[in-house]
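Listed after this line are the structures, all set down as structure tokens.
In the two complexes that follow, chain A is the common piece, with chain B as its partner first and chain C second.
Let's look at the complex of A and B:
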């Protein structure tokens, strides 16, 4: 995921060399495009062991609520995507010559909520496409339109942060990210039982 | 027994045809509220009721999904698929008539208007829904997966609408829409409601026919 994110960053840096002045305006959007694509890569692999080794029975027969399995998948995917983000965000700023003069705590909050929102709906879609023949195609086709509010809200938050606007001006977008995370996290927890029914 | 051999279904179809004919006549013969837009202004009498119907049909997909997951009755799966198919046809009409109306009203075909954008995103989610139905794997499981996607799509609507609305705040106002809802001249509003009711009759016939076909297929 880290190498994939780094590769896309490199492509963006090369492609936007023709207009280096515009790159600052586009940077928030580019960052979330990289994160969204990287997440898809992670989500494709999320249930790969269960799929390849036919090991799904091991946790469908475990004496725990299957919603708990969904929560654990969300947490593990969130950790993996966040770790890869931390690794490729540094080269992202270096390659695109972006100034890092903003609050790192607020940036971390945006990354956490945005990635959490993508992963919460992504884990659900990954579970839904577990048996599908065209799994690699179906995940982005279902995820991208479903996660479009996340793309808008996260880009708005990041853009405002890069422009050093006060948080009161863009906390509405944080609320959208948080709501998305909570709503789809709860929805996934509730319906995951039905998804993995034998 | 074929669907149209039932007397009630024939009556339903006859009412749908008559109402649609009256609706088309009204839309084509009515004086446009804004003469500057010409006859394009009258697309509004189709575009808005079609959009209302499409969103209502997608609500039907969600309700069918919830009922299928709780009751596990195959009828709700068939109804969910029928709602999704008819809803997507209507949504395609929204996405076609919207830009035709937007060009004379706003000067561009695609204004990123919140409702139109929400319709596009929902339309794309439902294209994924049909792909999942086709390539999702075991039919028994696919029915459950499709029900979940149907619920997920409708849960997404308020969030998509809010984000698109505040993404481009200048698109919030619709001065062009007000002319169709004028309390001094309620006639356009009545025509809109009539158009909506006629489309409800047409869509309900389509859903009943499709559900019937799916049930017959399942029985064989």
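Let's look at the complex of A and C:
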């Protein structure tokens, strides 16, 4: 995921040879495109172990709450995507020549909530497509429209942060990210039980 | 433990596999399930085990109805499927530890069970390198460790050599003495006739 994110960052850096002020306007959107694409890579692999040799039968027939499997998948995917983000965000700022004069805590909060929202939607889609044949194709097709409100809200938050606007001006978008994360997380937990049934 | 299936219906893409199917099994009973391909033998076991949803009807184990939202209703049964159903990237020992943990078995005697099914020499081998017969033995080991009251055995003899079949038959005798309820799917009618109390022949809808 890190290599993939780094590759897209490099492509963007080479493709957008524009004025520094202009790239600063595009940068939040570009950053979330990289994060979304990188997440798809992780989400495609999320249930690959369970698909091999019907390994999922070991826990679908066991006396365990299947919703906890969804929660554990969200947590592991979130950790992996966040780790790869940490690794490619530094080159992203270096290659695109972006100034880092903003609150790192607020940036970390946006990354956490935005990635969490993408991953909670993505894990649900990954679970829905668990038995599907064209799974690798279906995940991005279903994820991109579903996660577009997240991408929009995350881009708005990041853009406002880069422009050093006070948090009170963009906390509405942050709430949307948080709501997506919590609502889809809870919804996934509740419906996963039925989703994994054949 | 009793098992009761009442008016079970299941369709795939509007093509019915079961229509108002009912079955009643007393504790300690052994049923053989046979029938042509596509008659629903595996589907029935998957529905009882909770792997597959049902369209309508009721499955009752002991005093409880099987309900996907209540995991505890699945604790007294084990489905030995004809697919592997184990993590290929883990060793046999690790798979057994993982599954016994799921069933709340805190200190399972995995090493002894592996010796019993003669897989002790392969306990640290990845499951993806197991032969078909070794996989069946490992699944048998899982069933022995979990020690459920109801066993759903789907083609349990597939891939087993003569020794493996003898081992499996001896385990079935032990389970029978412990009054475990068993449904065994097999295409071998002679074997079913010898080793089960009664045979149910499923026909395509």
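As a convention for this text, the second predicted complex is superposed on the first by the 192 of 198 C-alpha atoms of A that agree within 3 Å, B and C clash if a C-alpha of one lies under 4 Å from a C-alpha of the other, contacts with A are read in each partner's own complex, and residues count from 1 in each chain.
Here is the rule we use: contacts are C-beta pairs under 8 Å (C-beta built on N, C-alpha and C of every residue); 3 or more make two chains touch, one makes a residue touch a chain.
Computed from a prediction, not measured in an experiment: that's the story for all the values here.
Which of chain B and chain C touches more residues of chain A is settled by the count: it is B. Look at A:197: by the touch rule set out above, it reaches both chain B and chain C. Residue contacts after overlaying the shared chain place A:183 against chain B, while chain C stays out of touching range. Once the two complexes are laid over each other on the shared chain, residue contacts for A:49 go to chain C alone; chain B is not touched. Using the contact criterion defined above for the overlaid structures, shared-chain residue A:90 touches neither chain B nor chain C, since it reaches no partner. In the superposition on chain A, A:59 makes contact with chain C only, not with chain B. In the superposition on chain A, A:172 makes contact with chain B only, while chain C stays out of contact range.
Within chain A, the residues touching chain B in one complex and chain C in the other are 194, 197. On chain B, the positions that touch chain A within their shared complex are 69, 121-122, 124-125, 127-129, 131-132, 135-138, 141, 144-145, 147-149, 151-153, 155-156, 159-160, 162-164, 166-167. Within the complex formed with chain C, the residues of chain A that make contact are 49, 52-55, 57-66, 193-194, 197-198. Put simply, chain A touches chain B in their complex at residues 121, 124, 128-134, 137-138, 141-142, 144-146, 148-149, 152-153, 156, 172-173, 176, 179-180, 183-184, 187, 191, 194-195, 197. The residues of chain C lying in touch with chain A in their complex are 46, 49-53, 68-69, 71-75, 77-79, 81, 83-89, 95, 98-99, 102-104, 127-128.
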